[in-house]
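Letters are used for the chains, namely A, B, C and D, taken in the order the chains are written, and counting of residues starts over at 1 for each.
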Amino acid sequence: NSSSKSGGEDSGKESGKDGKLKIAVVPKLVGIPYFNASEKGAIQAGKDLGVDVIYTGPTEADAAQQVKVIEDLISQKVDVIAVAPNDPAALTPVLKKAKEQGIKVMDWDTPADQSVVELSVHQIDDEAFGRHIAKSLIEKIGSEEGDIAILTGGLSAANLNSWIDGAKKELDENFPKIKLVSDKIATDEKQPVAYQKTLDLIKSNPELKGIMAYSTIAPIGAAQAIQEKGLQDKIAVVGTALPKDSKPFLEDGSLDVGILWEPDKLGYLTVALAKDLADGKKPENGQEVENVGKIEVWEDGKTVIMGPPTDFTAENAGDFNY
Amino acid sequence: MTEYLLQMNHISKTFPGVKALDNVMLEVKPGEVHALIGENGAGKSTLIKILAGIYAPDPGAEFYFEGKEAGIHKPIDATLKGISIIYQDLSLFPNLSVAENIYMGRESTSKSWKKIDWKKIEETAEKALKELDVQVDLNMPVEKLSIAQQQLIEIARALAFDAKLIVMDEPTSSLSAGEVEKLYKVINDLKRKGIAIIFVSHKLKELFTVSDRFTVLRDGKFVGTYETNDLDEDKLITLMVGRQVLYEKNQGIIKAGNTIFEVKGLSKEGNFRDISFELKQGEVLGITGLVGSGRTELAQAIFGVNRPFTGEIKINGETVKVRSSEDAVKKGIAYIPESRKTQGLILQQSIINNISLPVLKTLRNALGLINRKKETALADHYVETLDVRPALPKMEAGQLSGGNQQKVVIGKWLSTKPKILIIDEPTNGIDIGAKTEIHKLLRKLASEGMGVIVISSELPEVLAVSDRILVMRHGKIAGELSINEATQENIMNYALLGSKQTGVHRENPDLGEERGIPM
Amino acid sequence: MKSILQSKEMSIVAIVVLLSITLSFVSPAFLTFENIFDILKGNAVLGILAVGMTLVIITGGIDVSVAAVTTAVCVMAGKFLTVLPDSPISILLLFIVAPLIGVLLGALNGILVSKIQIPAIVVTLGTMSMINGIILYLTNGTYLNSTSFPKIFVDFANFQIFGVSVIVFIFAIIAVGTWYILKYTVIGREVLAVGGNKESSIRAGINFDKVQIFVYGYMGLLAGIAAIAQLSYTKAVDPNGLLGFELQVIAAVVLGGANILGGRGSIMGTFLGVLLLGIMQNGLILARIDIFWQKVVVGTIILIAVSYDQIQYKRSKDKLAKIEVEA
Amino acid sequence: MKALSKESILGLIALGLIVVMSVLAPGFLSSQNITNMMFQIPEFGLIALGMMVVIVTGGINLSITYTAALAGVAIALMQSNGYPMLLSILVGIVVGLVCGYINGFIVSKIGVSSILVTLGTMVLFEGIVLSLTKGNSISGFSESYSLIGNGYYMGLVPLSIIIFILFAILTGVLLTKSKWGRSVYMVGSNPIATLFSGVNNSKILMGVYMYSALLASIAAIIMTSRYNMAKVDLGSSYLLQSVAAAVLGGTAIEGGYGKVMGTVYAVVIFQVLSSGLNLLEVPRSIVGVITGAILIFVLIINFAKAKFDEKKQKKMQEANAA
């Protein structure tokens, strides 16, 4: 279900009727595993905290469509809009409009224009995350020199790009002997494409030692190619994969490690903080959020970091349900 | 039960806005050649399409074949009953080979997943072509053939069926004399085998040569069925149009003025070579020759749509370059193409839109937008002066009959007030009444100062309208004749031999190959 | 005396050969047995769909719902696989069920196109939008991966004969089979006839509706088989994996010389079109063309290919002497 | 009694949908929602009109959205590099026209079928945008620029819808009243006969592709202004939608027929459906299903109506005859 609600079925449309807050959580797109997992968390939070959660987004990761979704939400007179922007700049005008209508505006998953949002929930610090992935790859390669390649979901995905930039920084600064064989390669958020491109990569670069794959889908495609060519021991693959999908590849070593956070927790945290925002409560550094854990709040008072990334490995992948 | 193979009674057919057939009857005996005749739009093709199962007649129709209720609702029913049809507008598959085209139609009577026997297809095709004495490559896609060859393929297809009744809707419109002769021979053979033939044509001579009986239609109504022996041309024409028409040689009465148009040494590889002639104001110049002699290509080169070529074109003594049809119109050249339906008219658009198309520029108001009033007036004017029927300028051009369509095309070009009018096969598939009207019109236009070039394969027509005649052969001008010296015979000699000498007659069995189309 | 068809294929052959020669100089990895079969395997789904699309386009139609239908079959067959036992029967069942679902969806298009006479592009746009919506609604984009499938399926998917993947064989069988249908069966010739001239085909007693339902049904059938190939290729179900794929399928067919207006098209040409797209994809990475410029290169090659083809075609037509002119 | 035209029926359907939505969807008639719809219509409407003009000639323009993206990126690059707004807009339009020229040239002068050409240019333009932007979005517009897509005329009517209406009228006038427009229909109906009527087909076609590109560029101005950025997939989701809108609007896919009003009604139908169903909190995915169903439904109605008219006319004629 691509748009869902929690809370009482008969809760009135207008907030205040039954005192329930209406919180809209807008992902980049609906219908992909990652955002489905966040949805679960968000809906759960709605139930736990007694607020109405509307989880709705575009069917394609398209900024223009997302603007329309938000415009429609403004028409629905929600109390808070939390959005994971496909493009931060694109949302600025519409978020301003929402604010003018008295709606509280925040972002989650990916930062929006910081001058508009009142709260910014990050799973992670982008640069640190990128660096972590790069370091993991080096560790899995087991050597500080050699050729590596980067796969990405799409060339224009802002958060993927900032992670990749973080990773590149790490490599430049600390591993000068690691060589990138090409610029990041786009896989269109499609598994077969990632698979195909990885095969081509292996062929054109027989000396390839490792692959970093960004987006939740690219690592799977890459691992599949490695698996099929039986190169588990020659090429290390590290990527931002979800545990359930990556389990079979983690098990035979074609994917060395999946690095991400727990998206359901992120959804939960978003709703919890949205409620606080509506209630006028500010997040605090080190605050303990129920069902999520300790959060970090930056000096600006609005940037919230959920916590360190989770490494999914053959051992723990079975413990997660997404 | 009866002596008739086919009986159709009380046949009516209503199209949106037109009653194409009104209580018509048609009875055909086995082994006869039955001519179906009438002016353009009389309803001949419509009747045939009902017979073929393409159109359903209005209720009340009686339709028997071999004494039994015919039960023809779909084309396949007619095929299965042994009726095969040569359509006026051809029904070939341009992308398929000659052999397959001839065979096509039988296949569909069998199962979808049946394996195709290519050998059998080729044998069937070969046999049918042999009967007609046509030589073409069986594997050639039909779109690469000339119109004449396509028509022969269409005929061959009808022959290849073991039909009891063959309908021929203007089978000879593009054929050369030699090919027509061969068709006559085939028709005679068929007759002998007891196969009945319905023959539609506008060429009266032809009809008298082949037919046993006539059924005449006029304006969708049944006029009567007559024995050929009881008729002559005059009588038949009177029956068709309800009046007497004349169709005789032009007496060359117009005095020509200055030379307004001149071509010098026009050549285009594979099309024509070294063509030079001039055209005087007020003159009708006929260009004739066998089909495939390059007349159309020449005309289209002059009109700017068959480029590039070498040579010089002069209008009023000035050398001009005609780079496109737009250019040609600007310079006062009009070209009425031989194929009305594909080149002449935009069938799905209204008569108004068709007529105004070349002159839209002149119909604009101060804002540069089309003045609809002026436009309608223009169309009304030509619909009226050319007597287009029905006189409904808003009607789609495609709903008109052939002759009326041609009038619309002529109207379209007259609206440009051309200095030079080139008209290619002006009366192809047009009835005798409309033909003489068009001939008169061409003469009149010339007398009003236009230079007119008439391209035609029909010698009586060329003789009826021209002041001077050029005969083309193999892409070159074989000879020039003034109207006073021209006869059908000496024209034929130029067309066939390239000289005025006699020696070859229309009976020449090799005529077909003389068309000289390289394969 | 080559037919237009042949000459059309000639020019794409020329382009494929030219590109291949260039690439084998640029990258030694290009012209290897392994790479060629990887290209074939990687483009088998495209190829199977393009073969079906060739028939549709020959009749003058188009089917933009192919990717949606294939995905729908993938999703349903994938679900079905998860409940199947680990036995060879499962593969057999898969080969029955997947094409069946495909045929049903395809026939729906066919019926709307033929009986209601809605232009094909509109019908299939509509069904595409509906199928995509329903898939998204039902699956919510959820993946299925190989762990959910019986092991026998994974074995099947990895199966190779002489080092060539079973997927390539499926493609080959489809291509040859369809070529045979086009050339040697009545219905195949009717497909060509209908595309050549609709009016004539009706007059020749061809059941126009039947032919249309056939081509869309057959397209659906191949979409079903393409779904099996896709499942075998990815060993997973990605409900978004083929989004927008229809344009590539159409591109392959028209690059292969099929006329979008109908009447012209061949399996050989389509195969070459698929190959051209596949080689470009593969070659650009092998040749290490800058990522951001790859699309520029692909776009330019497509434009050059189609323009060259057209100029070639015009020339050959001009050369065809219309009249034997005496010297 | 005069029979209703295809377009009027569509207009009635649009009206009917509006009534249904007003009854069913709370807030559909709220000024907020109506303004929303007015903001959302122009960009899609312009692209749909641009598509329609090409379809009338029997062609299709698959590159239309990337033409828009390229024009948008040109504007964004100019402005972010400090060039004045008007100059940037002008350059954007010129870039769009160049795209149109390329399409027009290959279609009309070389004679390649439009689907092939625009398939090629689609990839080409996307590639150019990608190499210009490296996949990132470009922002940095002036305040006044953002008014084009977000501002109001007299504080009430969005500027962008006024721009759309002006261009719709312009398109309608050009198509029905100008020599060029008439020739467009004629070329679409029968190019050979049109050529043989002294019309310069290639000029007409060139005009069509340039005009289509012009409309795309105007759409690009509105989009970049509204979304405050330009990037490679700007409006890419409108591609097949615009074909659907044109055809739903009665444009004959084989060419020769098509009216501006029909396309406008179709765009309104899509908009009403999308906004209304969103207000009803119908899942996004189902919106697609319903849109598809409506598309087919309307065409079935057209079919049934044509059959019915035919029968009626026949009956009338018979009655007259009797």
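Criterion: a residue touches a chain if its C-beta (ideal position, glycine included) is under 8 Å from a C-beta of that chain, and two chains touch if they have at least 3 such contacts.
None of these values were measured; they are calculated from a predicted model.
> According to the touch definition, list the chains common to the neighbour sets of chain B and chain C.
Expected: D.
> Greatest Cα-centroid separation from chain D: which chain?
The most distant chain relative to chain D turns out to be B.
> Which chain pair is joined by more contacting C-beta pairs, B-D or A-D?
A-D
> Counting in whole Å, what is the centre-to-centre distance of chain A and chain C, each centre being its mean C-alpha position?
The mean C-alpha positions of chain A and chain C differ by 35 Å.
> Hey, how far is the Cα centre of chain A from the one of chain B, in Å?
Taking the average C-alpha coordinate of chain A and of chain B, the gap between them is 72 Å.
> How many angstrom lie between the centres of chain B and chain D, each centre taken as the mean Cα position?
Each chain's C-alpha centroid was found; their separation is 43 Å.
> Enumerate the residues of chain C that touch no fewer than two other chains.
Answer for chain C, listing residues that touch two or more other chains: 136-137, 290, 292.
> By residue number and range, which residues of chain A touch two or more other chains?
1-2, 30-31, 59-60, 155, 186
> Out of chain B, which residues touch more than one other chain, so two or more?
Expected reply: no residues.
> Provide the full list of chain pairs in touch.
A-C, A-D, B-C, B-D, C-D
> Give every residue of chain A touching chain D within the complex, in rising order.
1-5, 13, 30-31, 54, 56-60, 62-65, 67-69, 71-72, 74-77, 87, 89-93, 97, 101, 154-156, 158, 161, 186
> State the interface residues of chain A toward chain C in the complex, per the touch definition above.
Contact set of chain A toward chain C: 1-2, 30-33, 36, 59-60, 155, 181-186, 189-192, 195-197, 199-201, 203-204, 206, 217, 220-221, 224, 228, 244-245, 247-248.
> State the interface residues of chain B toward chain C in the complex, per the touch definition above.
52, 54, 74-76, 79, 85, 87, 90-96, 100, 104-105, 107-116, 137, 139-141, 144, 269-273, 292-294, 297, 473-476, 516-519
> Given the complex with chain D, which residues does chain C contribute to the contact?
It comes out as residues 64, 112, 116-119, 121-123, 125-130, 132-134, 136-137, 247, 250-251, 254-255, 259-261, 290, 292-300, 302-303, 306-307, 309-311, 314.
> How about chain C: which of its residues touch chain A in the complex?
Of all residues in chain C, those touching chain A are 27, 29, 32, 34-35, 38, 42, 45, 136-137, 139-143, 145-147, 158, 230, 233-236, 238-243, 281-282, 285-288, 290-292.
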